[in-house]
Every structure is written in C-alpha cells, then in structure tokens.
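Note that the chains are named A, B, C, D and E in the order they appear, and that numbering of residues resets to 1 at the start of each chain.
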C-alpha cells in the first residue's frame, strides 16, 4: 500500500557491488561499440535509402509480433497458471522450445510447417492462396515464434505470484471466468505483462536467424535491421556496428519512454 | 498478391537467391542489368548458401540461385529444383589475411604453425574450411587453430579485431577490407580454390528473365565487376 | 419457521487436516451470526456457501435451488450464486477506485456503466465514504477499505449475504453508524444473512439467532436470550461473560469436582451451572450468613476489567470474580493469596447438560 | 492463501481458443521437425564423438552463465526496483540492450572490451595473463551477456509486484537491507527468480552468434551444441535437425523436471 | 512524570493530502492508547515512530536518543531502532513457519538459531499457538495469524512497542486471554508502549493514558477516568457512550442551540454538557415533575442496543436515548414520531470547553 521512500537509505555494499558489476557487464560492451564507431560516417549511413526502410520494418514487425504474442500468449500463460490438466508440466516445458532451438533451425521448422510444401502451408496455399514465407507476415510469424516464450513465461510467473483470492472475490460478485480474467486478473498482473511484452518486443526486434530462414532477406519487405546488419557484416564491420547502434538507440529510446509508464500504471 | 515476386510488370521481375558473399558485386550487377533491360526488376535474397538451399527445396519462389559452394548447389540439384546443370560463375582463392603491415612477418603457410601465432580457420563443413584443409595438407603444415569459424567473415573479424594474428580467408574478403588488412599469397592456394556455381531454377516464375540475368553476370561486363571484387574467372574461359 | 428456510445447508468440507461438518438453516429475512474461536471453521463454512470451497458431502440449497450437492454431482459456480460476500481481509481490487470496486457487482449483474456507478455512489454514501469515491484502495485507511468492501457486497443485493467480520476494523463511532446502516439494510431485504463475527455485541445486535461452532461442529444454537442465559461450552461462557461448570445435579444441588453448589433451578442428572463473575464475592475468612456456595480458593491473577478488577481463582473449581478496586485494596489481592469465594444461590443458574 | 481448486471448472472458450492456438503455434514447428527427422540415423549421430562433448559443454556453460546472471542480475534488478536514483529509466532501458543487439554484434562488442586488444582485455592480459576469447570462460561470458536481460527484467517485475510492506516488517524486526533482501525479499519473489532463471538458462543454451564471435568454435573447448548445429546446417540439414532435437529433448526434460518444483516451492 | 519521558515525540508528517501533527510523550513502563476514527492518522503516526515514514518536521527522541530530527538531519533506520511493531494486517512472512516468523527478530538481534527458536517457541506458547508452530501463515486462520504477529513483535523485547489493533481479529475468548497476556508482558517490561485501537475496552483495560486523534491532531488526552467523564469531541462521546453538546454556560445552566439545559456542575463561558443515553427518558406528553431538562423531539431511528433499544432523536439538539423494550412497546416507537425527551440535571455533567 505504501511506497513512501525511506529517507537517506543506505544501499548495502553486498548488493551494490554485484549490481554495479552486472550493470558494467551489460553496458561496457556498448561502450566498446561506441568507442569503435566511425561517427563521421553516421549521417551518410542514415541517409542510405535502405536503412530507414529496414528500421521501420523492424519496428513494425516487432510490434505486430508482440501483439500476436500478447493475444495468444496471455491466454496460454493463464491456462498454465490457473487450470490443472494432465500434461501441464510437459506443455510448460515445451513452451521454452523456441528459446533453446537455434533460431535458424526454428526458421527451418517454420518452413516445414508453413512453407509452400509444409504441413499447413500447402493447405493454406491450396485453400486460401495464402503463402507466408518471404512476406512481411512471415517476418511477423518468425519473430513471434521466437519471442513468444518470453511473454508466456513472464506472464505465467506474474499470474502465479498474484493472489487468487481477488479472483474469488470477483466470482462472488457475479463475474464469470472471462470477465474475471479481463477485469481483475489482467489488471492485477499488468506489471508482469508489461515486462513480458518488453522482453518479447525486444527479442522480436533483434531476431535474425529464424527471420532470414523463413522470410528471406528482401529489402523493404522482409529485410529487418538485424538482416541488414548481417549483410553489412559481410563487407564492413564498421557499417554493421553503426547499423546496430541505430537499432539500439531507437529501441532504448522507445523502452526508456515506455517502461516506467507501464510499470507504474496499476 | 502484390508482394509476390512474379513476372507481371514490363519485362518482369527476376528473383535471385545469392550467397551473402556476393552481396556487393551482385547488387552492382543487378543495377547494371536493370539499366540494360528496362522494365525488368531484379530482387535479391542474400543469405548463407545453405539457408538459401533449404528455402529453395522448401518451395521458395526463386528464379536464380547463386551458391558459394558446389556442395550447397548439389542439395538443390539433387532435390530436382534446378533447370539444367549449374555452371561455375567465378572461383575464389584463399589468401592469408594479416593485420596491416604484417607485424608477425607471415610469409607462407609454414609460418602459421610458429608458436605464438594465433590462427583462425574456417570449419571443415564450410567451403573456406575445406579449401584451407586442402591447402594445409598440400603444404604438409600441421597447426592447431584458435578457432574454426562458421564462415569467412567470422575469421576475418577476428583478424580485424586483433584476436588472431592470421586467418585463411578468400582474396575477395581481404580486398574488401584492404584498409585494415594485408593479403599474403601462398603457392598452395591454387589447390585451395572454391567454385561459385549459378543455375536457373526449375520453378522459376520468370525463366526468360532468369536466363537473361545468368547470361549477363557471365558476360564480359559481369566478369569485370566480379573480378574487380577479387573473384577469379573460372578456368574454362 | 412454518415456511421452508431460504437457506438449507449441511456443510461438510475438508481443509487440510481440518474437517467441517455443520448444519445451517436460515429463513428469509433472518440474520444468523456464526460465532466461534479462531480456527473453528467459520471462514471455511462461508467459503463453502459462496462456492469457493467445494463440499465433500452434505448439501447446500438456497431458495429451493441446489447449489452444491456432491451426491448428485450438482455444483453451481460462485458467479452464478445469488450470494454476496464481505471478506475478512477486504480483497478490494487494487487497480479500481472505491467507486468502481462497488460498481463491479452491479455491472456484472447487467447494469450499464452509468447505472452501476450511480448505485455504487449511493452505497458509498450510505457507508459514509462518498468523499473517497475516487480513491484507490491503497489510499484508504484500514477501516475505510473495510467499509468499501461492505458496500461492494451489499451493492449486488444478494439472496444470501455472507459477512466475514464486516465490522472488525471499524472504529467505535463508525461501527455504530455502520451497524445501524447494516441493520437497516438487513431489515429491508428479503434474503438470508450469515454473519461471521467475534464480537458478541455485533452478534447480539444484528442477529436473530446465534450458531456457535468449535472445531468444525455446531456446539450451541439459539436466540440471543437462550444462548446468553445458558451457555453450553467454555467458549460461549466466556463470550457472554459467565463462569461455567459441568457437574451432576440432584434437585437444587449440583456437584462440580469436589464442590457442591446450590442453584436457583431444579435439575436432575448431568447439568451445567453458570454464574457471572460479578456474583462471586471474595472474603479473607470464611463468611457466615446467606451465601450457601462458599469454598476456599487461591488467587492466580488479577487484571483490570473495565472499572473493576477481574480476579482469577484456583481451587475446587477455577472461576473468575469481579471485584471493585475498593474491595481489592481492602483484601490486598495478590497472586498466591488464599481467599474464600462465595456465590449467591439466587445468581447461580443450573440447566441440563 | 487458499489454492483450493474450484470443482468442475469451465474454462471460457474465449481463453481456451487463443491459448490452444498459441500452443499449436509453438508446438507445430516442433512437429514439423520431428516429421522431417531421419530417425534411423539417430543412434549413429548420437554416437559421434563430438556430439556428447558439445552437449555437455552446452549444459555446463549455460548453467554457469545462468549462475553468473543470478549473482549479478538479482542485485541489479533489486537496485532498479527498490532504489531511486537519477538515470534509473535510462539504465533500465540499457539493460535490454543485449536483447536487441544482433548477437554477432554483441560478440564483436565483447571482443572490443574483453578481447586481446579490448578496453579491459588488454589490461587483463598484461596484468594477469588472462585471455577470455577462445576459452570456455569466454563462452560463459558471451552466454551470460546475452541471457542477463531475461533474468533482470523478470526479477525486477517480480520485485515490483511483491508487497514492500513485508520488507518494512523485516526492518522493524531488526533486519538490515541485506538481511531483508536475503531472508524476506528473495524468498518472496522466488517464483519470479525461477522464471527468470529458466528463461536465462534456456537463452544461454540456445546462444550462438555472440558465442562464436567472442569465443570462437573449437570442439571440446568452445563448440556448444548450437555451434555444432550451425556447422551441420552447412552440409546436412538432417544432421542439423537431429542435433537440434537432441538439444531440445535434453533441455525440455530438464525443464519439465525442474520447473514445477521451483515454482511451487514457496 | 518527574523523570524525562522515555519517548518524546512531535510527529509532523505528510501522506498525500493528509497532514499529521501530534505530540506524544510516553514514560518508561507506561502504556498509551492512540484512539481515533478511521483515517485519523493513527497508522501514519505509528509508521513515523517505527521509521517507516520520515518526519517532515518535529522530532522523535527515544531513551534520550534522537531517532528522527529533520532539522538536524538525523534519521535512524527502522532496523536500528529499538522498536517492535504489530501491523494492522499481520504481514507475516508467507514463506516462513509461524515459529520462524517469531524467531526472525531474535535472530536479527544476534541470537543463534537454536536460542532464537527456543525463544520463539516460548512466545508461541504464550499466545496459545504452540501447536501451530510448524504452520505456514496461509494455513492459519485470521485470528491465529494475528496472534503470531503479536508474538513476533514481542519476541524482540523492544524499548518502544507499537501495536496497530493487536486484538482486532481475536475472538472474545482469545482476546481476553491475549489481553491478559499482553497486560502481563507490558507490566514486566520497562519500555514504552503505544497501542492503536478502536476498541474502547482494550484501551481502558490496557492503557494508562489515552490520546485521541482526529484529522491528524490530538483532540483530547488524559487517563481513562478523565476522558470518559469529560469527552471533548463527538467522537470521544460516542466512544464512551455519552451524548455531548457544546454551548455557553452560566452557572448551572448551559445554552445549546435553542435549548437550555441544567447541569449538576457550575461552569461559566464556553462549555460542554454530557449525559448518557440511558439518562434520557422519553414521554408521549410533556412530563411534569423533577426532570428540569425537557424538550420536544422527533424519533429518527430505533435500533436494538444490547438488551435495550437505542432511539435516535432529532429536535433542538440531536441525542440518543436508551429505553427498555417494554418502554418502547408502550410508547409504540417509530421513526417520525413526536416525543418528549427528559434528562435529569443530576446526570448531566457540564465542564469548560
């Protein structure tokens, strides 16, 4: 209930030290990159036609992938956290599969399912004339596949931490499980959902292997920033670093702008 | 839909799946080809050859496949996705990449086995690794590399960043990084060449455009661009 | 009760090692208070009624509708029971304002947003929190939160209203007002009410009938007058402020342990004797005169109790006695001190066990 | 307080449907992979000398990386969740950097810092004779760098969700911030830490780009399973799939064995 | 108080729009009860004392040591204050057993595990929960949890003990036992105690002195006798069960609104008049005879109140009257009914405002 800060709080060294080390560990490589950046070439690179397109495509697909993950992942997390059914342990472990699967293999797996000759893809193609690989929708799909576990695991953790008695209170007030879910459970775990969505979005933004394998590398259509970075790496390490920094700056700016608002919402 | 690379507008669209190491030269060639064939658009999908091969065998809509090794090309021809036999477009030859000024005074393969010299090679599974193995065997040099990289650019990056003192990479790679690296040629390199095959695909939506593109890159004009990037012409020409 | 009771339940439920088995019947308009010591199973019973804890046997019928009946595999989920609950620790939704917490129930019962909010505002006014409508639960003090919870449960106008210590966190003044409010509401509405409380005053004021549970069983049941006059367990005796002992009666004489007490009533066989602590007089020496119930005892403790002192005595029977500070000073009461205890037969009630 | 299941609970279709879709989306590609696996060659592949070595190395390094992340990441998460300091928003956003950074670039960044000529690496080399690239320690470092955000974000979310009044209660009982942290805060957020550690471990297990860039690829020393998978992909898709499935099976088995115990611990 | 008080505090703190400003002095061994309506700032004051809420001004000195003094930039963190707290909603650590919850404090104060557990076991026994030592908080009923919280705070043997409604969730019987236990402990230990409570009985039994706060200020202060005899605010009057009015006195006569009442005392100037509801008699017609304080009134509400009925009256002054059910039946009391109210001057107290 009360979040009043204690005044003049001393942070114990035993916590500050590892925290500082951890921060350093995360930030130093970035400093290394910044130190190695040819700043003078930055404007020129930014002005290159493909870069902004790739950046926009990255942001769009990552956001769509995150929304897809939210739409499918939150119900899945709820199922895992609140409903007992046989095989729940196994399914919970299976959810982590895309995490462990090397992304390129993930892309191959997606091709095997959604590809023109895939299990579902051939049917989709024959029935609806829909082909997913090598389209922007395919990028979203690949990113969502890789990023989904982050959302599901984060939200499931939040649901398990939330007090189920609020849901009981809602039930006694006449709320069915669906209304309880939307009106009580979800708002209660909003910070967890926000954290999961952030992880999910960031992972989707950085996705490379599954995307290039499943959706290919077409500028303007499926070439996201990480793919552009990959191609730049072929010829010019510096260019790759600059592109990465552009991606980073944009995402850090967006995250710094968003997260506090989300987190302090409820 | 409108996103599909199909032959519908003017001279049509040619979709080219090409090995990532061809990115720069093919991008130039594509622009030249479009200028030479007004109304035709070339769309590239650059990625690792093996990923491209998987995509093609899984039904990707592509007209042309340019691979960085005969082995990956073989998976496509074996799957029956090629229209006709592949031809060798260019070949690439190994050199020893060393930091600018060659501080360790590397003169040949034998110097790589000197104690205190850290070397990066490609793994045997990838073409540059297979070539390196052949060259080292030919020179009867045994060495323990610090790492077996998954591709040339990994090995190259490690020289650029000073993590290793030398790496066996392609001449084209060193040429692209001439500002930071020197190439040390060695005689056994003739035994360590890698062919880049190219082929028109069977399920091409635009077979005419595909053939035109393959002809163009194999023409003298195409050859000029490729050799400028450090590739060698194939022996039969 | 000539009409069938609105609520007719035989609640059998398990909670870990704890086993509940109680019967409850509440008529329309009737208010029943469920009293019992901590851990007696009051909250468990309430949860079973609300549908939050399934019965393992027995039945639960409300307005002739079976809500839980394991033998017939009938179970109605909480959201479809016409039941309102005030929880022991509020459980206000932390992300909703006080108003929206109260409007939650009406909304779920089909009211549109505007109507629900209007009704909620009305209820908040009735519990004296009209000014706090926009506050989030964390901005409310403990007692304010409790009153919002009360308003929230009342706003759905349930057939069966369940209250788990609804007044516990209220201060004396607000409690009086809210108690009156609650009493008015209970008078208005045609449903049954079950009130779990620790406070005998709440129970006596609000309830038509008391049901006392201990260790998951009903130990005594009846209206306030009969329960307060004839407690049947130690817990009830303490609740109503009486000394209680069990013995064998033979007319006016009841033998308790080694002691024989004379009571105003005539009983035979197993019997209880009860007398208020204020009826116990203490004397430094054996008193002569009228009190026929006299025995030697030892002081084991003295506490202030209101304006008087409450003295704990050991002896053939352990009893509590209330004495005035003046009397205590005169006796120089201290633990370990031997005294004579005397109770008038006229103030000693006996009734069959 | 009460986790008693409601009997005969009906799961609303509006939740079940997307949950099922989500599950299908995660599991179908796996089915695709399984369908494309040449089962007959499995025993032969398993028997290949490098495979078990790579698997063991993967599990060891992923576990060490997770422990490193736990040791540094939990204090960092605590700092972000409980201490107000200027620039906290920025630092919180910076924590997500390794997520967004294409892993290969992350490896380059690590080289720029810990490499032979890196900011810190040259000093480490000169002073202690320690070089990290091309060593198993380097693999751990690379994996930890990439996996750390998962832990930090998950734990920070859990900390924000936890009631800080328990910490106040501990303080009034004489517990300093460190004791409060170890004896009260940590046990309270144990499910969140477990979720974060799982994510972290799984991400480390699947790490490829940063590892091969920073630590290189040498069998028995730095060649983890994902690296073996990528090399196999160059020549033999089937082999790569089989190797991925081995990695998956082991990790799913470990996770299915572990997670319920962790999650239900407190 | 000849010795300097153990606790000497002037608590000035802000909480959102709420402003607290109270002075508190508690001598060694003294028990002070802090009473006040919901939202008065009792919990805020307690948090400031514990170091959980910083003062914005004023000071807080315990045993001659400054613990919080904004002007001198002194602030001692909670863990280094010799203060024990029982929280309003328990805050038992959910991952520790009851025993380990209680042992937590002693452990932090340097006892080894074995000693701490032994001491904790002892404390659990004292609050009657020896059998629940291994239970996790979620396996305890509400009242059991509250008692563990009590044991946990007492186990650190603090110089200043703070209790936020320590007995609120206890049932009548356990409350009596725990109250006696608490009283014994407070008698034993040399520290100061501040008790926040809503229950006037707890306050009267346990506390040596009452401090009453409303809206963040102290409105009345003193021992039980003076506070109960001479309430100075409406809240206190309700707390002690008196009708209270403010007016201007001129000898025995006090003018309140349009009414002049005669009191037993002599006062001049601004004054309070107070009389118990039981002293108000109701008559269908204007009574003749002795009561000099008679006025026409209207019944606005009737509630049961213990054995009697409490009648709310409107008129020149709004008062409550207690009547027996027999009298009520005879008067046929109902809301809106006009009656005559009469109070004996002998039962009407007046004192300066």
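Basically, contacts are C-beta pairs under 8 Å (C-beta built on N, C-alpha and C of every residue); 3 or more make two chains touch, one makes a residue touch a chain.
Predicted model, so just to flag it, every value in this text is computed and none were measured.
Asker: Which neighbours do chain A and chain E have in common?
Answerer: Both chain A and chain E are touched by C, D, going by the contact rule given at the top.
Asker: Measuring centre to centre, with centres taken as mean CA positions, what chain is farthest from chain E?
Answerer: B
Asker: Tell me, please, which two chains come out on top when C-beta pairs in contact are counted per chain pair.
Answerer: The chain pair sharing the largest number of C-beta contacts is A-D.
Asker: So the centre of each chain is just the mean of its C-alpha atoms; given that, what is the distance between chain D and chain E in Å?
Answerer: One centre to the other, that is 54 Å.
Asker: Nearest whole angstrom, what separates the Cα centre of chain B from the Cα centre of chain C?
Answerer: 86
Asker: On a C-alpha centroid basis, what's the spacing between chain B and chain D, in Å?
Answerer: 35
Asker: Where in chain C do residues touch two or more other chains at once?
Answerer: If we look for residues of chain C contacting two or more partner chains, we find 51-52, 77-78.
Asker: Of all residues in chain B, which are in touch with two or more distinct other chains?
Answerer: Where chain B meets two or more other chains at a single residue, that happens at 51, 54, 157.
Asker: In chain A, which residues are in touch with two or more of the other chains?
Answerer: Chain A, residues with two or more chain partners: 1-2, 9-10, 104, 108, 112, 118, 165, 168, 176-177, 230, 233, 237.
Asker: For chain A, which residues count as touching chain D in their complex?
Answerer: Residues 1-3, 5, 9-12, 14-19, 21-23, 25-33, 35-36, 71-76, 78-79, 83-84, 89-106, 108-110, 112-113, 118-120, 144-145, 148-150, 152-154, 156-158, 160-162, 164-165, 168, 176-178, 181, 189, 191-192, 194-196, 198-199, 202-203, 205-206, 208-209, 226, 229-230, 233, 237, 240-241, 244, 247-248, 251-253, 255-256, 259-260, 263 of chain A touch chain D in their complex.
Asker: Given the complex with chain D, which residues does chain B contribute to the contact?
Answerer: 48, 50-51, 54, 71-72, 75, 118, 120, 123, 125-126, 145-150, 154, 157-158, 161-163
Asker: Quick one: which bits of chain C touch chain E in the complex? Just the residue numbers, please.
Answerer: For chain C paired with chain E, touching residues are 16, 35-40, 43, 88-89, 139-144, 147, 165, 168-176, 179-180, 183-184, 198-201, 204-205, 234-235, 238-239, 301, 303-306.
Asker: Using the touch definition from the top, list the residues of chain E that touch chain D in their complex.
Answerer: 50-52, 77-81, 83-85, 87, 91, 93-96, 104-105, 108-109, 137-138, 152-153, 156
Asker: Can you tell me which positions in chain D touch chain B when the two form their complex?
Answerer: Residue positions touching the partner: 108, 111-112, 115-117, 133-134, 212-213, 215-219, 222-223, 227, 230-235, 237.
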